[in-house]
Amino acid sequence: MFGYANPKRYQQLSRIILALALVFAVIFLGEGLYLALIASPPDYQQSETVRIMYIHVPAAWLSMFIYASMAVAALTLIIWKHTLAGFYIRAAAPIGAAFTAICLITGSLWGQPTWGTWWVWDARLTSVLILFFLYLGVMALGNAYDNPDKSQQASAWLVLIGSINLPIIKFSVEWWNTLHQPASLTSLSRMANPGIHPDMLVPLLVMAGGFLCLFVVLAILRLNNEILSRKIHVMRLRTIHG
Amino acid sequence: MAVFSGKNLSCARGHRLIFEDLSFEIKNGQILALTGPNGCGKTSLLRIMAGLLDPFTGSLEWNGEKNPDFLAQNILWMGQETPLKPQLSVIENLQFLSCIMGGPSDKAAIQETLEKTGLGRFSHYPVRYLSMGQRRRTLLTLLYLAKRKIWLIDEPTNHLDKEGRDHLVKGVMDYTNQGGMAVIATHRPELWGSCTVLDVSAFDEGTAPERIAA
Amino acid sequence: MKQLTAVLMQDLRIDIRHGGQIVILPAFFLLIVLLYPLGLGADVKTLQTSGPGLLIIAALLASLLPLEKLYTDDLKDGTMDLLLLSQQPLSLYVTGKIMAHWIIAGAPLVIMSPVLAQMMGLGISWHALMLVFTPATLLFVLIGQIAAALSLNAQRGSVLLALLVIPLYIPILIFGAGALDLFQSGMSAKGPALFLWAMLAFALPLTPLVTVKLLKMQID
């Protein structure tokens, strides 16, 4: 009576997807790393440091993709009260935060040789930093209540409110950036992202596919953990209250 | 004669069934006392009756009809908390609560009711000066003011001395004698005269089928 | 309507009877502004260039403080239960709360802003300040009370609240400071100022509805 919408089907499906994603993650990441670190040419301006891009850019894509997927899950939880969606938000948030952190750290490492500074108050970096704090808020709220159902609902609402706010934040940060930013830096950041050559685009896309598969693997593993820990919670409640 | 009833109610909290397949019925002029040990779901049942908590299964009926709007407008819930602001005077608190519950909010009417509950002298005292018993009595005044058909009261005799208890019991009795209904969660059903007693713990998950067999 | 006024009056009464945030918050606002010259030096030029941003940041921090308490008492003492049983929609209660909270924690900051702008040596007219601070403080209240309802009775409530609310405040800060900046340099500040009002027009009808949902979630 208290099971998930269809636990058997979820378990079967998740096992298949997990196996597939694991295989593809290994293939894509292996291939992608080879292409990115060895096969692809160094940049004519940035030489070897451009290789950071193959980690940095896919991480940035994933950080946004995961938040969007959480927003869909939040809607599913709030409208259809589908429990699995609540577990998904809890499972995905730390992974999203990790990809966001990777994006920020590699961005900083890339910035040092390219721009000559570890951190630039550039519109993109700043919005990603704000996204990171949104992830932290979702994670904190997901543990804030003794009643796990309430925690799930509260964090789903935060994800939703955040997703309405994100475009506004993004727009405002860009507006702020054009107002305050000295011109030299914008031209610098344009230099870092010129039109991209296919030799670089292919490893980039392969890496992105690898990251995506990695995310699916991690998310399913975490999702299963969440479901198990909820089962433990229910069993404990039952033994205490008979 | 109106009948307020619940059919096959069960209550789930945190993925645990607290009680299962519980039915009750109460008519005008009756008191229903909910008994049972702590944690057996007395408060949850009251909150379900008040519409503050959705039952996991089952439904509430008024004269055999499912009519949640009617119920919401005719139920007054008094939990274990006292919704009084300590900074404001007794009369200001009651003006506010009576206003949101659709009772009179003019001072004269409230003062008059306060005289009836024996708090007339304190009406301009801030609530923080009042003892626990006096606060419960202030809430009793709200029960009178709101003029609703069903009172749901959770452990009303906690914190009360004998005088306060007698006062409260008399208030509820008077109300039911005039045709009101009251459901009271209590550890001491003997206080409430010829009330119907419902032991909520008897509907514990898993025990219900055996009970029927016995 | 009667219920809305009842909520509004009760909150104002409680605040005035009890210590009065309506007095303490402007003092806190002033205190934060006082920290800047002490930290950055009293050089008029520095204060003038950073002043617009500093004023908005000070107002943001001052608005953060009273949020946690907003719905806590009513949830803990059972008032919220009675509100749900009243015939009136909960949105009236939320609207009353928001109005009271702005009168207590928003309007005093708006009124204080010309004084503080003078102290920072900013050349911004008082009506320009009103034009920016009115929507900014209203937005602080509207968005802040959502976060307050979201983290109601949570563990580590106040830190959590700050973590939730500050990222959401960022657009208000950017457009508020931007508008003041442009006003100070004598340019047209229509863009950012209008954006603040547009956000207000968006948030005003939407936020109370979200809060109602959140409060219902908190009650069961």
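Chains: A, B and C, in written order; residue numbering restarts at 1 for each.
Just so it is clear, a residue touches a chain if its C-beta (ideal position, glycine included) is under 8 Å from a C-beta of that chain, and two chains touch if they have at least 3 such contacts.
Being a predicted model, the structure only gives us computed values, none of them experimental.
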item	value
Most centrally placed chain - per-chain CA mean versus overall CA mean	C
Most distant chain from subunit A, judged by the mean position of its C-alpha atoms	B
Subunit B and subunit C: spacing of chain centres that average the CA atoms, whole Å	38
Interchain centroid distance [CA atoms averaged], subunit A/subunit C, Å	31
Cα-centroid distance, subunit A relative to subunit B, in whole angstrom	49
Parts of subunit A lying in touch with subunit C, wherever the complex brings them together	130, 133-134, 136-137, 140-141, 143-146, 150, 153-154, 157-158, 161-162, 165, 168-169, 171-173, 175-176, 179
Residue ranges of subunit B touching subunit C (in the complex, touch as defined)	50-54, 72-73, 75-77, 79-85, 87-88, 92, 95-97, 99-102, 105, 126
Subunit B contact footprint on subunit C (complex, rising order)	2-3, 6-7, 10, 13-14, 17-18, 73-74, 76-79, 81-88, 93, 219-220
Subunit A-touching residues of subunit C, taken from the complex the two chains share	146, 150-151, 153-156, 160, 163-164, 166-168, 170-171, 174-175, 178, 181, 192, 195, 199, 210, 213-214, 217-218
